[in-house]
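Structures given as structure tokens follow.
Look for chain A in each of the two complexes below; its partner is chain B in the first and chain C in the second.
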Partner chain A sequence: MSNEKIQFDVVVVGAGLAGSTAAAIAARHGLDVAIIERGRSPGGKNFFGGALYTHSLEEIYPDLWDRKPPLERPVTETGFWFLSKDGMVKATVQGGRINNEPIDAYVALRAKFDSWWAEQAEEEGAFIIPKTLVTDFIYEEGQVVGVTTDRPQGDIYAPVIIICEGVNNILTQKLGLIDHDIQPTKAALAVKQLISLSPKTINARLGLPSRKHGMAISVVGDVSMGMPGLGFLYTADKAVSLGVGVTLHALQETQIKPYELLQRYLEHPAIAPIIEGGQLMEYGAHLIPEGGWKEMPKLFTGGAMVAGDAASMVNALHWEGTNMAIVAGKQAGLTAIEAHQKGDFSAQTLSSYQDGLQERFVMKDLRQYRRMSKFLANHPEFMEIYPTFLNDAMGNFFTSFGKPKRQLYKEIWRSLTSRRSLLKVIGDMVSFGRAVIGI
Partner chain B sequence: MDKKNKVNREDLPEVYIDDILMSLKYYTDEHEFHLEIIDPKVCQQCVDKPCIDFCPVGCYRAQDGDTVQIAVQSCIECGTCRILCPYFNISWKYPRGGFGVNYKFG
Partner chain C sequence: MIHLLVSIKQVPDTTNIRIDPETGSLIRKGVPAILNPYDAHAVAAAAEWKRKLGGKITIITMGPPSATLALQECIELGADRGILLSDRKFAGSDTWATSYVLAEAIRKIHEEDPIDLLFFGKQAIDGDTAQVGPGVATRLEFPLITYATNIREINQDEGFVLIERKTELRTEIIRATLPALLTCEKEIAEIPYAALPDLIKSLRYETETWTAEDPVIYDETKIGLKGSPTKVSKTGTPKQHEPGETFKVAEIGLKESVDTVFEKMISNSSVASLWE
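Up next is the complex of A and B:
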């Protein structure tokens, strides 16, 4: 074996959601596919909030539910919690279209889920090579034809390489698909604790009717101490995930310790009672690429394509990324099949990967939201002033204290205008609208 | 441009990160360090030493006042230090295949 060239039809780098999807699609078509994973097994390096979107999972496996995916609770209540220093306004939605089958999102734990997702790719015929780090590319006549790994005699050849290496896109940079490393304003560091609680306790404290109900909450305001960032809460079956993410630039400017910021969130008077008596099951941290459209690398070159976090496929406002990774992985897998049918692996053939994505929500949304990360970085008032104002306004409106109502409205008005001038408020709303609509 | 005052640090609780790291499973590479300080003199001259704060697992610790030591075995491979070291003085690689953090839940 030592002198024989190890050759596959397709090599996928990384057994995350994008990678295992790309591999499954290509293997299903009969191609010889290897997935190279640096972890001990798929999932071991993967980490998120978080919830997965059913539409993307079912797009790959229409018989998803027969396969018994290791998902946690369905998301039956979702929305925002606006934190002030010592209070909170909740704006969540439940029932209605949130409760229609199939439920749109499920809470998941990535180490468990990704390991299962990779098994599905294996069943389609993909071959997983774990405990192996891809270190570089092998070129012939200017075209990528394989990868080098950290194993002895570990060169692996394939005419198509699909790079799904994750947010630290070192290989994507090496390949020249992007000319710079991640910028501090274009990525957030999220830290999270998974805290175990009995299902009964979770249900009672969060007002969930049963274990078949769950929450996905974005937490805005005091949680990020005025920095551009958000907190979150997700309900697993027997645990809750609580975390907070802020931009690397904010960490740089404030020099706070991320785990202290998280602890402060966990001790907030509105949060602490939810997790009281719970045990820490796992802590972790992960970067989120939030540069979106503007930080996207070139998605293909001769012999290679890039998908998922490595390609900056994250919608920071809507917390979408896993669904984009899965759809992009599928599109890359389909393009690999097309290239094999043509027997041509040039950039021109692989460009149909990007053309395909342009027709999907992936590129449409990323383009529409291309100004969002800059907007959020430049408008800290959305993290600080407005959530506090909302708490003040609601607190005032729903209390009496024997005050005439005219005075009440004056106080509410003043609690806004003392923090931000009316002109600026209008400006903020207009620029938020522009960032969302993408004009 | 001292923005450190933007956040009231007194508002932050003290956390013993080592206690929290007990919840993580690692496979430590005894033979190769995947993180290294390129030039220790640069760290000595770095006044703020922000790595001590921004690392989410507290890998970076001040030693004898002005040098910085890395507790590589705690690293969770997030990449923050590669991006935020003001002097790009950290040689950042992934651990060899099979080594490093191994999330049970993720």
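Up next is the complex of A and C:
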């Protein structure tokens, strides 16, 4: 056993999407990169909805399709399902620009995808150290110069550390980049089930023409029981992924158990027939950082940067997290290269990481949507009243045969105004607009 | 400096295994392969003594190329070198042929770099035969200590080991001359959380493969299916035993009980022969 110092050019914490991307970029440039991952294998425990976005994958590997990524189905139909207590209005889009090659989004299973994504980083030359938990940092003269791990003789040195530890950002906190733990109002707990069904059954029940067609659906309304949150449905090749995420705060307030929420969603009369007879393959819960811009830590300090969920880089309304993690990972990798070229790892040099991100959708969108999580928390009507109203209105419209239509419109009007005054409706729309446009 | 050798096997994780009810054989498909648990404890014991005395650990295994993973795990636990005996010609070897292959390979290692102590697991969990360790010891004419639970002392200067071994009734303490061969129970050592340098070494490990010709040339009639006298005619799950007759001492009295049992034993030919 040697007592030599373990030294790399770059240490990346976490082999998720952000981590494996940062490592690939730095290793491709010839740097000696280690990725430290606490799981038995990269991605082993990672999960999401969910869909990956082609633009981000191709940005890292322009020859993506030659590498045969383990993706499930392309998303060829996407949109919203609005649930009332016992009904549903569907607003989805298919065909047209959705079908433009390359397809913009692909459903994936993360355990498979993340280990593949990490293998690509290995091929670029990164060295993955699994089964090892990073516990803290090593400092010299106020600058981060390494990390400690939970193993005997477990110190690893590198002049630049890229923290991609995911939503539970303990290390980011230890480093003082943010002064508090993740807030219950700023994090959603998502629970989901992956249910296996034959591709034929999936296609028949969801009206998909073939296995080369898939769905990504955001489900709004009854699914979150009035709490700020969303449900989802994604089609893998031989399974459907269904889940629901609501803020931790709302769960605490209402005392509703996450698995009850999910169970109720799966038993909804519009949902149950889709998964009937399917077999449960995976059941899990995971946090989603929803604080966005307002909960973003400082992104760098002398010798360290933070990327992905750990840095609150999620646009919850658009289900964009993976692409932000990948782009931020890339930017951090590029900055690590730049720092090595200069031989300077000070905060000043690493600030170009943040400058780079400002130019991209990551910081632009997060800034624009900075009021979104507060807006959703303050406007439960978007989860409750409006979806129900929509169901009511359409239900009325299509059952008004043989009735004078003036009465129909009156009923629809009343169904809205009995739930919420016109003034409030206008107010809601204005604040929704503001939250989206970001003014 | 001490040279320890551990012989290991990669096995299917039998805690995850099912038996095909029709053929009666193991369904190996989709079952993860692991380092045989007894072997892992044997490696841990070797690593403890390497730490105490300084020296090195060589691991040897016979198996398919995928057994590299098991060797890697041994390096992680503190071993220095891992040798994979892998060749199509070895395929189908039973315990007899396997112990021949291992013994010849170990003889080669021993010639180049004398070994002080050899470790085997008590048995492999996929076959449970407990024959390979003793087979190797016999072929190499090394003292054999089976079911070792504790190494009290390794004395290189005087050339002996003091080993505790478990029998059904008691613990024995055995002194054997070096080089000796142990087959290990799990108590022999706890499996430690590997140190980071060892983990990194294991991740960088590149397989050292020995074939049926290089560097040791084997007698082809003694290896593989050809060299394996064991013939498995049928495997299956044993039928549940019918409970035997019961005699209640309190009801029929002590003398009557002893006589009855004695008569039953006499009438059973295998026991009867003892009395002739």
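Simple rule for what comes next: the second predicted complex is superposed on the first by the 436 of 439 C-alpha atoms of A that agree within 3 Å, B and C clash if a C-alpha of one lies under 4 Å from a C-alpha of the other, contacts with A are read in each partner's own complex, and residues count from 1 in each chain.
The rule is simple: a contact is a pair of C-beta atoms (placed from the backbone, for glycine too) under 8 Å apart; a residue touches a chain by one contact, two chains touch by 3 or more.
Being a predicted model, the structure only gives us computed values, none of them experimental.
Look at A:Ala377: by the touch rule set out above, it reaches neither chain B nor chain C. In the overlay built on the shared chain, the residue A:Val436 is in contact with neither chain B nor chain C. Look at A:Lys45: by the touch rule set out above, it reaches chain B but stays clear of chain C. Once chain A of one complex is fitted onto chain A of the other, the partner contacts of A:Ile6 are limited to chain C, with no touch recorded for chain B.
Within the superposed three-chain model, A:Glu267 lies in touch with chain B and out of touch with chain C [touch as defined at top].
Of the two partner chains placed by the overlay, chain B and chain C both lie in contact with A:Lys131. The partner that reaches more residues of chain A, of the two candidates chain B and chain C, is B. Look at A:Gly226: by the touch rule set out above, it reaches chain B but stays clear of chain C. Judged by the touch definition given at the top, the superposed model places A:Gln153 against chain C, while chain B stays out of reach. Contacts of chain A with chain B, set against its contacts with chain C after fitting on chain A, overlap at residues 131-132, 149-151.
By the touch rule above, chain B contacts chain A in their complex via residues 3-4, 6-9, 11-15, 17, 20-21, 23-24, 27, 48, 50, 53-54, 56-58, 76-80, 82-84, 94-98, 100-106. Those residues of chain A that touch chain C in the complex are listed here as 1-2, 4, 6, 127-129, 131-132, 149-156.
Those residues of chain C that touch chain A in the shared complex are 51, 78, 192-200, 203. For chain A in complex with chain B, the touching residues are 38-40, 43-48, 109-114, 130-133, 149-151, 167-168, 170, 181-184, 187, 189, 191, 193-194, 225-227, 239, 248, 251-261, 263-264, 267, 280-287.
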